[in-house]
Each structure stands twice: as C-alpha cells, then as structure tokens.
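Note that subunit A is present in both complexes that follow, paired respectively with subunit B and with subunit C.
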Partner chain A sequence: MHRIPFAMASAAIAVALFAGPSALAQKPGGTLVQITQPEPPNLAPYISTSGPIGQVTAKVFDGLLDYDFDLKPKPALAESFTVAPDGKTVTFKLRKDVKFHDGKPFTSADVRFTIMDVLKTNHPRGIATFKEVTAVETPDPHTAVFKLATPAPYMMMALSGYESPILPKHVYGVGDIKTHAKANEPVGTGPFRFVEWRRGEFVRLDKNKDYWRAGQPYLDRIVVRFIADASTRTAALEKGEAHVAGFGAVPYNDVKKLGALPSLEVTTKGYEMISPIVELVINTRKPPFDNQKVRQAVSYAVDRKFVIDNVWFGFGKPAMGPISSNFAPSGLYAAGIDFTVADRIERANKLLDEAGFPKKADGFRFEIVHDITPYGEEWQRFGEAVQQALAQVGIKATLRYEDVAKWLKRLYTDYDYFISSNFLYNLADPVLGVHRGFHSDRIKPGTVFVNGARWSTPETDALMDKATVEADAAKRSVLYKDLVQKVSEGSPVIYVLELQFPTIVNKQFRNVITGPLGIYGNFATAYRQ
Partner chain B sequence: MTGSELGRYIIRRLLQTVPVVLGVVVMNFLLLQLAPGDLATVLAGEAGGAPKEYIDQLRQRFGQDQPVLVQLFNYLRNIVFLDLGYSFRQSAPVLDLLLARLVPTLLLMGATLIVSLGIGVLTGVLAALWVRTWKDHLVSVAAIVFYATPLFWVGLMLILLFSIHLDWFPTSGMEDVVAFHEGWARVVDIAHHLVLPTITLSLFYLALYARLMRASMLEQRGLDYVTTARAKGLTDRQITTRHVFRNALLPVVTMAGVQFGGLLGGSVVVESVFAWPGLGQLAYQSLFARDFNLLLGIFFLSSCLVVTVNLVVDLVYVVLDPRIRIG
Partner chain C sequence: MRSFRQRFLGNPRVALGLAWLGLVVAVALLADVLAPKDPFAIVGAPFAPPAGDFVLGTDSLGRDVAAGLIHGARTTMLIAVLSTLAAVGFGAIVGAVTGYYGKLVDDVLMRTTEFFQTIPSFLFAIVLIAILSPSAVNLVIAIATVSWPPIARVVRGEVLAVRSREFVQAAVVAGQRDSAILVTQVLPNTLSPLIVTGSLLVATAILFESALSFLGLGAPNQMSWGFMIGAGRSFMREAWWLVMVPGVAILLTVLAINLVGEGLNDALNPRLADL
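Here is the complex of A and B:
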C-alpha cells in the first residue's frame, strides 16, 4: 500500500509532556449556560460526529491527549507517549488516578475497547483515523500499546476528548454499541457528568467532584440550551440568560451588536483544530468544467474580499489553497496560485477565451446552474455573490437551493451538478481533512464530503500517500507545498475563504475558550468571576 | 339521551377513527418515500463525511435495504402494537420522544385554546352588542391587524419589549435552567415562561374567533326565534345570554375544532421563536433529517389528536344545542 519514502527517525521520539497551568485561586461555583445550535440528535460521539454532539459530550468524555493552540499535544488521560523508530508502535502511559463517573477505575482495557471495538469500526471519521491500527496491546492496566500496519502520524492529532472520546468498557461493552441504552446518557471521565437531557430544552451537566485534575472543574454546572430561532438566541445572550455560544449560533449581523455590549466579548479563537473552509466544488467531468482553464477562470472571478466583508461580516480571511493557515505553526501550510491579484477579471476573461468559450452577442459565454449549500441565509448571499462574479466574466449562472439530503445526493451520489458552494473542515491534520477533497481513492459515490469533483492525478495522489506516512514535519511541509501548487493549478475546488467563527462569551465567565477546540473543549478551567 | 347511548356512540366513533388514522399513516409513509435523500446520507453529512461501508451499514440497520412494501408492512404491523419504532438519529424509541414532547405541546395548545376562545368570544359578543359604534370598529380593526401579522414577528417584538426592555418575562425556554425550581415554584416558573408564547399564538386565533363570533351573533339576532322570545317577554339580556349566545357559539366551536390541526402547525413557528419543547419543532427537525420513523410517529400522534378533538367538538355540540342528536 503506502510506501515509506524516508527512514523514520532512528531514535525513539519521546515526547516530553508538560503539566498544564496549575489551579489559581479561582472561585468555585456558578452555572454556565451554553447555547448549542441545532440540538444534537443524540449524545453518542463515538458513532456520530454531528457537530452539536461534541459541544456537549466533550465536557463528559476525556481523550488520551489535549492540544494547545499551536496543535501540540498535551497530556490528558495519557501522561506521556512514545513513538517507536519505525513509527509502527505507539506506547501510551496512562494516568492511574482516573475514575469514570460511575466510580469504576479507568484502565488500558477501556482504551483497547474504545479504539478497536468502537471508534475503528463505528466512528464516521475513526474508520479512517484508526485504519492502520491492527491491535491495541495492554501489558498492564496503565499502558496501552498501539500496533500499526503503517506509520500514521496524523492519528496523534485525533486523540482529543472531542474526536476520540474514551469510553468505559464495563458500560458500553455490554449490548449493541449502535443502539446502546447509554447513547443519550453518556458516562465518561470528564470534568462534568451527565445528569439530564430534556429534549427540545436543555442538557444538564453537573460538576464531577472526583475529577482527576485536582481542584477542577470550577463551575458547579453547565446547562446546554437549544433555541431554534436565531433572534431569540441573540436575545438570550443579550439578557444574560445564556453565557456562551459559538459555531454560527449567533447570526453574523448580530455579532457586532452583541460585541458592543459591555457584558459580552467576541473571540474568533478556538477553531484551530477544525479550520473550516468555504469553497466552490466543481464537477470536473462535466463540460465546460472539464477544462482546467475554465476552472481557473472561475477561481479568478470570485471576489474573496467582497464575500468576506459582505457575506460573512468580516469573519474570515482569503483561502490561498486547500490547507488552512492555521497549520502555519506546524509548518504544513502553503499557499498556491494567488487568485486575488488586481487584474483577476482580465485574467479570467483571457483564460475563458483561450478555452474556446468566446462571448456571444448577449455578452455571455455559456450558462450553468450554481448549487447553494443549504446551511442558511449567508450561503444564499454567497451564492448571489458568486452569480454576480461569474456574470462579470460572461458566465450566466442560475441559483438552485435544495434541502440538505437532496443536495448531498446531488453532489456525492448522482454528481448531477456544475458547481456548488461547499463547507469542509481541515480538521486536526491535512490527512484527515484535506486529502479527502481530491484523492482518487476518495471518489466514492454515496459517501459525502469527499472527492465530489472527481478530480485526481497520479502525482497528487503520490504526494498525499507520502505525506500520510511521513512523520518528519519539515519533509511533510515540502510535500504539501508541491501538492498545494498542483491542486491550485488543477482547481477542482476553489478555496474561497477560511471562516473564522465568532464565539460570544459573557464576561462574567473567564477561561472558557482555552484551546484549539474552543467550544468543543471541556471547560474544566472556566470559572465565574 | 342515556349515558350508555353516549358511551356506545363514543366507542363507535373511536372505532371509525382506526381506518382514518391508518389511512393517514399509509399515505404519509408513501409520500415520504418520494423525498429524495435518506437518513443515512444526512447522518453521514452531519458527520462531515463518512466511508461508503459506514453508509451501507447504516442503511442495513435502518431496514432501508428492503423493498418499500416490506418496509410499509413491517411498520403497520408494529404500529398495531403501539410500537412506533426507533429513531436512529436521536438514538431513542420514538414513543419516548413523542411522550416527552406531548405535555409541553398540550400545555401550549390548551393555554392558547382557552385564551383565544375566551377572549375571542368575549370581544366578539361585545362588538356585536356595540355594533356600528366606534368600539365595534376598534375591535374589528384590531382583529384584522392581529390576523394579518406574522406570528414570528409578534413573538420577536414581544421578546424585545417584555423581556429585554421591561425584563418582565424570560426570552425563551420552558423553565429557569440556572435555578431549577421544584414543587410549586416550578409550576409558577413554567407559567411565567408560558405567557409570551401563549399570547403570540393566541393573537391570530383570537382575532379569527372574535370576527366569527361577532358575525354569528348579528346573524342570530335577526332570526325569528329572537322575535318570538321577545314577544314572550324575555329581556334583551336573557335573550342574548340564553338563546343568541348559545346558538352563535356553534360556528365558533366548529371552527376551533377545524383549526386545531392548524394550531399544531402554527405552533412550529412559536415553538422555535420561544424555544418551547413541543411536537412542532420535533416534526420540523425530523423532516429535514429524513428521520422517517420519528416523523411517521408524529403524524400518527397528531392525527390521533385531531380525531379526538373532533369527537370532543361533536359532543360539545350536543351540550350547546339539544336539537342536535348523536347517533
């Protein structure tokens, strides 16, 4: 399968992990009300990665690791880990003082069960993340050894409590995991324990008094509320009935108004491990878009700055390629062709002329249908902006807006589209979030959010295969630089902007957004002033 | 009419509802098959992408790999035993999900029915008594304004005024999730949260009933039996309360029964504006998620509700107008 291009570092890569900031004299107590939109369908993050679920369950479950804003691993349930020289063995030393919410101790058997029996077989992303894991060995209750078929450095980025929650084997190991009785009453080791979910209203999480991080959490309770109407969410934050909301829960046009209030603050941090990108995906097998020049012309035509300022109220920055600039600290970021140059409209027109689509008498070259991501109003505005941009270069676009199920089927099963807006996460590593967009092995009818453009080249495939198994960051960055350049030449997908979601936090509460997972964090260090 | 006659009538009517409800279920089942996309794609979509094996595995679990008629047969067989199936999206039995939403729904419906019928009928009667004076015109104009205003707008304006500016009522929800009151304090808290959604949902129906009641009162007052009653020497007051009012109420009761289905639908908007945990919101969410088991369960429950309410309306007729016989 994957060839290993470079010898792995000879010495064992021991990662010294430092302890988190020690508990200051924070006053314990208080109830934090978080707004999550929409209501999660269930509380089973081990079988569903539906966005809202993690916002609740990341407080209940811990992962083996945590991460800092630069995406460097920090200890959590694992005190430390060692990667063997060949990259095929990863040994985790586990904490000895951890108890699940039902009082039973946490051991390596729980890790083995979670990875092998649950995540690797049932988790929508875990199937890919843990594909190379052949076994998890448990020499003693506090050591878990991952055996890999080929090195998988990206796996080390996917071990947070949000992405890979560690489950108690004695609870979830009994009965069918897919329809488990505890699917909506999660039991974990996290700082908050599940108390009650009243559907359509709230989930109540109370402080875990036996949490292994001594003194934490500071809050007595977190209540996650579900309010379907956007204006009401804004009103609840304004009135102080709710204290924190992220991920587009508050409409962009209300964010500035709320940020101006003395009681609230707005931050765009806390999305570094998600790195959402707004893009246009092109059906590269349907004329006229089977022509690379036409695709590049569209990329030049889209006015990224206009879209950021007017559709997303300034909460974004131009995307310069498939990889988000959030990967700059880890060296994996690279920019492709600059499509934001001043003479972009002339360039687009020239490319379209060269491609053999001259302007006709009515000023248009050809007509297409532009599909819109059905995620809400701003996507409709985005569609209109694209429509205008295309008209500028002589492409007449009609807009089509369908519901989610229908739209997904059109893009990823029937491939019955010309060009559509789309919304993908880079996730914690390019292997997890970026490769799927244009690798040939991700052209799979019926699988959503993969290579819907159906574009690939042997060279780009090879670059990705190498980057997948390469542990050395410097060598990976060379591979990705090459990849980004080739992808932007092919332009199967037009990367428009890196979305910066605003998170609104009531100033009564401090230390709420403390890591790259933001609202997907566990809030153990949050406290009320 | 004797009590046993009434009992037999109710039993017969209930038996008649069985084919109606089953018909609704079968129709909805077949209609939902026409919707493109399915739960498996939505689940995979929410997950931000999933391998094909995962999606196939889901379809098999949902029984969607079977022919439609087999699926329908299985569903009907289960529904006979009140087994409404399992919502794979919500990871819970459909019946549990529905029952949890039933109480808030009935609370909001009941409060709305009482407020809108009570105030609507009262203002209708008053407007009829004040006919062609400025007070009558005022009632009519107000009714038209309420009737024409979109519910969501009314809801938001009430929140803006009464909750943000005046701080009299909470913006949303069914109870205070910071305090978590218990006992009577909880009842008071829920009532406090119920005020704004009830007013919002009531205004529309109140306007409808007021106009209907006014028209109906005026019509009845011109009929022969009123002249007879007057000739008999009854006072205006007696005629209005004993005769005209009771007869005029019939069309309003009919309308209230018919509107009940609409009330379930209209509550979707109010429920989402006020984050009220009712059935309407559940239906809305499950439609977009293609959670057909849950959706069919909701259709089943609401058709049962509507059928029951219509039965109650028919019984109320008998009380209001002794000339109407059941049977």
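Here is the complex of A and C:
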C-alpha cells in the first residue's frame, strides 16, 4: 500500500523538476502598468503609424504571423503559409477557433477586407507593403490566398499585429474607415480587449477570456498610462507604480540609474523589427555637397563614439551603413566604408582639400546651415556635437531649429537645406525601410521620410529592384553587400548610429519582451511572479 | 530736499543692484577677452564638477560652464535690452498718439492694445517663436511684441494728464506742429514713469528669454543662460551645477534690476517714497 504513494510522489517530483518551474510561475492574474509616451492621437493602427498607437493596439489586434528575434516568421492567426514557386501566390491557412472580442468568428473574409479595403489603400506603410497584392481570394472561410503581380518577399515580414492588424469586417466594414466610430474603441482578436480610454490618463485593456492561445494571456489587465513629465515617468518606474516603458519614454541618462535598482531590468532587445538609425541626410544637389568627397569628409568628421556616449548615453552603436546590424541573422547586413578609423580627421581634411575647398585665413573652408531634427533635447545636443565636429575640419555650421511641419517641408518638399539630422527606421525588411532613403522612385516632393537627399544611381536602383523581388536569401545578401558599398561611397546619407532604445521592465513581471517588436508585442505570455 | 542723484545713489539697495549690473555688463562686454573660445566648444570630459580643471565644471557634452556663463551674459543682456528698447519705443508712440488725439484714434488703438493684453503673454511669445522660428532677432521681436501694451497704457495715462496743461495749450497757440508738441512738450513729462516701467521690463525680458530658451525655443547659435538651464535640467540630480550656476546668475540679475528700478521710482517720485 505505501509503495504506491511513494511512486506517485516521486513521479510528481520528476514532473515538477521537468516542467514545474514555468508551470508554477506562470500563474494567472495581475495588472501590468505600461508607460507610453506621448499619448496616442487615436487607436486606429490601420490608418496611422504614429508610434504610440501600436504600443496599445498590438495587444488588441493579432496579425497573420508573429516573428522571433531572428526575424523568422511564426504562426499566429495563420497556422501555416505556402509560397508558390513563382513567388506570386501566397496561401495562408487560418486558425478555426478564433473569435473577435464581440464574439463573432474570424474568417478569411476579414483578412481580405483588412488587406484589400483597409491596409493597401489607407495604411501609410501598407500602401507600399501590399502594392503588389492584386487580390486576396477566399476559397473557404479558413484559407486566404494572396495574388501578387510580382514576388514580394518583404511582405511576409510585415504581417504582425502591430504592422498589419487584422480587423473584423462586420465592424470596420460598415461606415467610413477614415473616421470610423470604433477608431478609438478597437475590436480585434488579440489577448486583451479594449475597455476604456480616459484621455490624458490611461487606456485599460482586460484579459480576453476566449483567447485562442489556450491558457493565455496570463495577466488580468494591462493599464497603459500617459505621463507627460519625464521625471515623473522615471519616478513611477522607480516606485513600482508602473512596470514597463520603452522607446525613449525614460530619459537616457535616467535609464542607467533605474537599471541599477534591484527591482528593475533594462533590455535593448525588442527593436529588431524597427531598427532605428540616427543619420545626417545631405542635399546632394546643393553645392558644396554635390561633391561626393565633401560628403565623405563629413562622414569621417562626425565622431560617432562621442555622440553615442554623450548624447545617447551609450544606447547605440556606430552604424556602418544603411542596413542595421539587426539584419545580420537573416544575412542581409553588410558594412560599408569604415568612417570611424583613427585618422578620420586627417582623411576628412585631405578629402576637403582635394575637393577644392582649402582652409581660408579664418580657419574655415565654407559655411553651411545644419538643420536639427525637431524631436527634442537629444537632437539639439546631437546638432551641437555635429557643429563642433564640422568645425574641426574647417566647416562652419550654423544651427537651425524649426517645428516639425516646417522642417519636413524644408527637407522633403522645398529641398531648401544643406544637411540635417534625421531619424529613420529600417523596419522589418530593407525593402520597407532602407530603399526609401536613396531609390530614384522615392524622390517625391511632398512625401516625407523618403529620398530627401535626391541621390540615386542607375546601378543602385537596379540592385534594389533586384533585391525587392529576389526570394533567395543568399542572393539578396550578395545584392545588399554591393548596394551598401556603393551607397557608402556616395554618402548621400551619413549613417551615424544604430539607436538601441532601452526598455525598462519591472522584475516582478517575466516574459514581457519576447520578440523583435518589444513593447509593440501583445504581452500574451507576460506573467507576474 | 535732496537731489535726485543723492536720493538714487544714496540708496544702499540701488548701490548693490548697480554694482551687480555693472559687473554683468562688464563681463558681457569683455566676453571675448575673458573666454576667447567658442562657448559651444567641447573642451573636456562631460560632467566635470566645479573647482576641478574648470572653475564651474563642464556640461553634458563637455563644454565649459564658465565660458557659457560669460557669453550667456552677453546674449541674455543684449536680447533683454534690445527687446525692451523696441517695446518702450513702440509702446510710447502708441500711448502718446492715443493719449494726445483721443476719440476714434484712442478707441481703435486702445482696443488693439487690449487685444494684445488679453492673450497670455508667455503663450503668445511661444506661438510667435514657433511661427518665426528661433533666432536672436526673432526672440527680440517676440519679447517686444508681448511687452509693449503696458508701456502704451502708462504713457497714454500720462499724456492724458499732461495734454490739457497750460504749457501744451500755449504750444498749440504758438503754432507748433503736433509731432513737435508731442516730442518736445508732452513726452518729456511722461519720462519718469516710463523709465521705471522700462527698467523693470528688462527684468521681465530676461525671464522671458530664459524661459523660452529653457523650452528649447531660444537662439540655437547663441549661448544664453536660459539655454544652459534648458540643456542642464535633465541632469539636475547628477550635475546640479548645470542648472544652479546660470540659475543664480538670472536670479541675481533680475533682482538687481528690480532694486534699481524701485530705486528709480523712489527717486523720481520722492513724495510717493515718503508715504
């Protein structure tokens, strides 16, 4: 008799040792407070890419796919997908057990509606992402077939719940999508359902009890708080009143201090699908910057390490070209000319001498105006550091700081500038985030964050066009290697640093940052210890 | 009764204020001699505390705080004095014309003045800078634009009181032109309140310039005290001197101007001072 309980007990211990800790730890319950800065203008991620929106709505909407840190797709609303050999047909098999928050089932009609009627026509980036999609066929409620005009491998990287949220047709299909009544009360299939948005204070999201990932989410509630003052945000994290914050919500110089506290941890993971790059964009049609040597000289002159250490307090690494090193796992990363060499100042001076701009009696070669990205303090400091770096090689720069609208018009409509700091995301694929910076078809007056340098060459255009339709990763990697080298020689844009945003997470909560979208993730697996 | 000079300079508070202002003006004039380098130059390790290699330490980029303070004195005083002069000039003209002509001119100009007065002046200045884009000239324009209405009202009141006096009527009878009467007869009699209000306006202008720079709307190429506070405020907990040094400079300067302004008021209106 007594043997059996013993055997049972040892079996129980074995199970506990094997799977116990996680099963024990992931107990349901708890409220996670996330800080999002600034408050989003709306909760309609299908028509606006304004940063803070996705931090809220990615918990409410699912995408067809998820991604791991190496940017490999994982199943989400789509259980699986197959790409036809010619790359022009992509078939998604959809989950059958998914319900929207209002209880209605999710079907292929919702996918067709979302892609064709909403994202392809209204989403700022979706217009490019889904440009090649000519139709979404729905042979049955659980199959969606994307028909493409030309292969678009990059599209497969843009199907997350953040980038391409799947909307219920029966809700958003009624009425004008641009001014929809549910724009601020989102309805999706995600792990959390929208409850309340108290303006200026918080958004409350509660657990979706019918979520299709069994047992998830573990948290009962997410409260997204909006705190306008930076030091109050820092204090809230310090005191444990808030538990997670990312994307520069906490001043960089405070992050180190917070990271030293036993209750908090700091990670720079979770931005692999965003890959922000701090750069200087140059007006390549305005003398003296129409000269490639002058542009290279500026690139040598900028002290990347100084900027990383003293402006962004260590949260970055030198950018070696237009493509972020986050693409190293997928083989698309390549480094261009190394502008960080020890004798960079001598090289810059030599290039400027060769370009025909000798130093005059006052020590300067020529004068320019340097525009500063109007995004706040660190950008002003960055501008001042660049000004000093340019002075070192004999370029006298005057700083100009305008509001966002004026600055954008100057760079992308009037092209009335010499050189400006700028901030662009590589996004999930170079086709989405990198090509726009220097492809000739992106010289579009009035369209912002495209080729404001107005630089292009037939060779680089051809390389990008090939890389856009090339499905084979190894072949793409060869094309990008060549492209990066050519762009770095031309230096229409000076890639200064890969910004590594810090995310601060309270250690009470685990599994919060679980993928390349970081705080744009859905937090389904987050739990309280 | 003592002379104006005795009443003014004999006041110990005025003497203190003038001493500090004299120092600030001297530093502003001699900025290039005292700190020959560009105040934006990166000269050392960031966040060096005061009393080390640099008397007042360095800021987040390694710029010399003492050099910033010296060159900041020049920018801050220049912008404050110029914007005050512009405000006083414009305000005095408007005030004199409305007060002297009265009737429709008075109505139109005073309603316009009131329109400007109903807009909170600091917010108005922010809006102006946002529209004009930050630069030293635009700062002067913005500060002057929000500062002239009180001057206009003070001058108008004085002119109203003076214009019916016999010597003005005598000038009219003598055939003097309106402009000559205004300049030679009327305005000189409004000077004392104008000087007092104007001197206090310099203090307000310094605060305006500092506050705008603090918000990042200052002139990006001129080192000023407000700029130094704006650039240092994020590091208040780690590097107190970044905010403290220019903050104390602003405090003392504004205080000194107020002491001198009140001294002027007491000296120019001795009967009021005795009350």
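Definition applied: the second predicted complex is superposed on the first by the 504 of 529 C-alpha atoms of A that agree within 3 Å, B and C clash if a C-alpha of one lies under 4 Å from a C-alpha of the other, contacts with A are read in each partner's own complex, and residues count from 1 in each chain.
We take it that a contact is a pair of C-beta atoms (placed from the backbone, for glycine too) under 8 Å apart; a residue touches a chain by one contact, two chains touch by 3 or more.
Worth saying up front: this structure is predicted, and the values here are computed from it rather than measured.
**Q** Quick one: classify A:Lys406 as touching subunit B (first), subunit C (second), both or neither.
**A** Touch partners of A:Lys406: subunit B and subunit C.
**Q** Quick one: name whichever of subunit B and subunit C touches more residues of subunit A.
**A** Answer, by number of touched residues of subunit A: B.
**Q** Tell me which partner A:Ile282 touches in the superposition: subunit B (first), subunit C (second), both or neither.
**A** neither
**Q** Would you check which partner chain A:Glu238 touches, where first means subunit B only, second means subunit C only, and both and neither mean what they say?
**A** first
**Q** Taking the superposition on A as described, I'd like to know which of subunit B and subunit C A:Leu77 touches: first, second, both or neither.
**A** Neither subunit B nor subunit C is touched by A:Leu77.
**Q** Between subunit B and subunit C, whom does A:Leu119 touch in the aligned arrangement: first, second, both, or neither?
**A** neither
**Q** Please indicate which partner A:Thr49 is in contact with in the superposed arrangement: first for subunit B, second for subunit C, both, or neither.
**A** After superposition on chain A, A:Thr49 lies in contact with subunit B alone.
**Q** Scan A:Leu497 for contacts with subunit B and subunit C and give back first, second, both or neither.
**A** A:Leu497: touches no partner chain.
**Q** After the superposition on A, what does A:Ala385 contact: first (subunit B), second (subunit C), both or neither?
**A** second
**Q** One more residue to check, A:Ile372. First (subunit B), second (subunit C), both or neither?
**A** After superposing on A, A:Ile372 lies in contact with subunit C but is clear of subunit B.
**Q** Which positions of subunit A sit in both the subunit B and the subunit C interface?
**A** Shared contact residues on subunit A: 403, 406.
**Q** Using the touch definition from the top, list the residues of subunit B that touch subunit A in their complex.
**A** Of all residues in subunit B, those touching subunit A are 35-38, 41-56, 61, 86, 88-92, 97, 100-101, 104, 152, 155-156, 159-160, 163-164, 167, 170-175, 177-178, 180, 271-278, 281-282, 284-285, 288-290.
**Q** Residues of subunit C touching subunit A in their complex?
**A** Of all residues in subunit C, those touching subunit A are 38, 40-42, 46, 60-62, 130, 133-134, 216, 220-221, 230-231, 234-235, 238.
**Q** Mind pulling up the subunit A residues that touch subunit C in the complex?
**A** 230, 251, 253, 306, 310-311, 372, 376-377, 380-381, 383-385, 387-388, 391, 398-403, 406
**Q** Tell me, which parts of subunit A touch subunit B in their complex?
**A** 31, 33, 38-39, 41-44, 48-51, 124-125, 127-128, 178-180, 183-184, 198-202, 204, 223, 225-229, 231-232, 235-236, 238-239, 241, 403-409, 412-413, 424-425, 427, 436, 444-450
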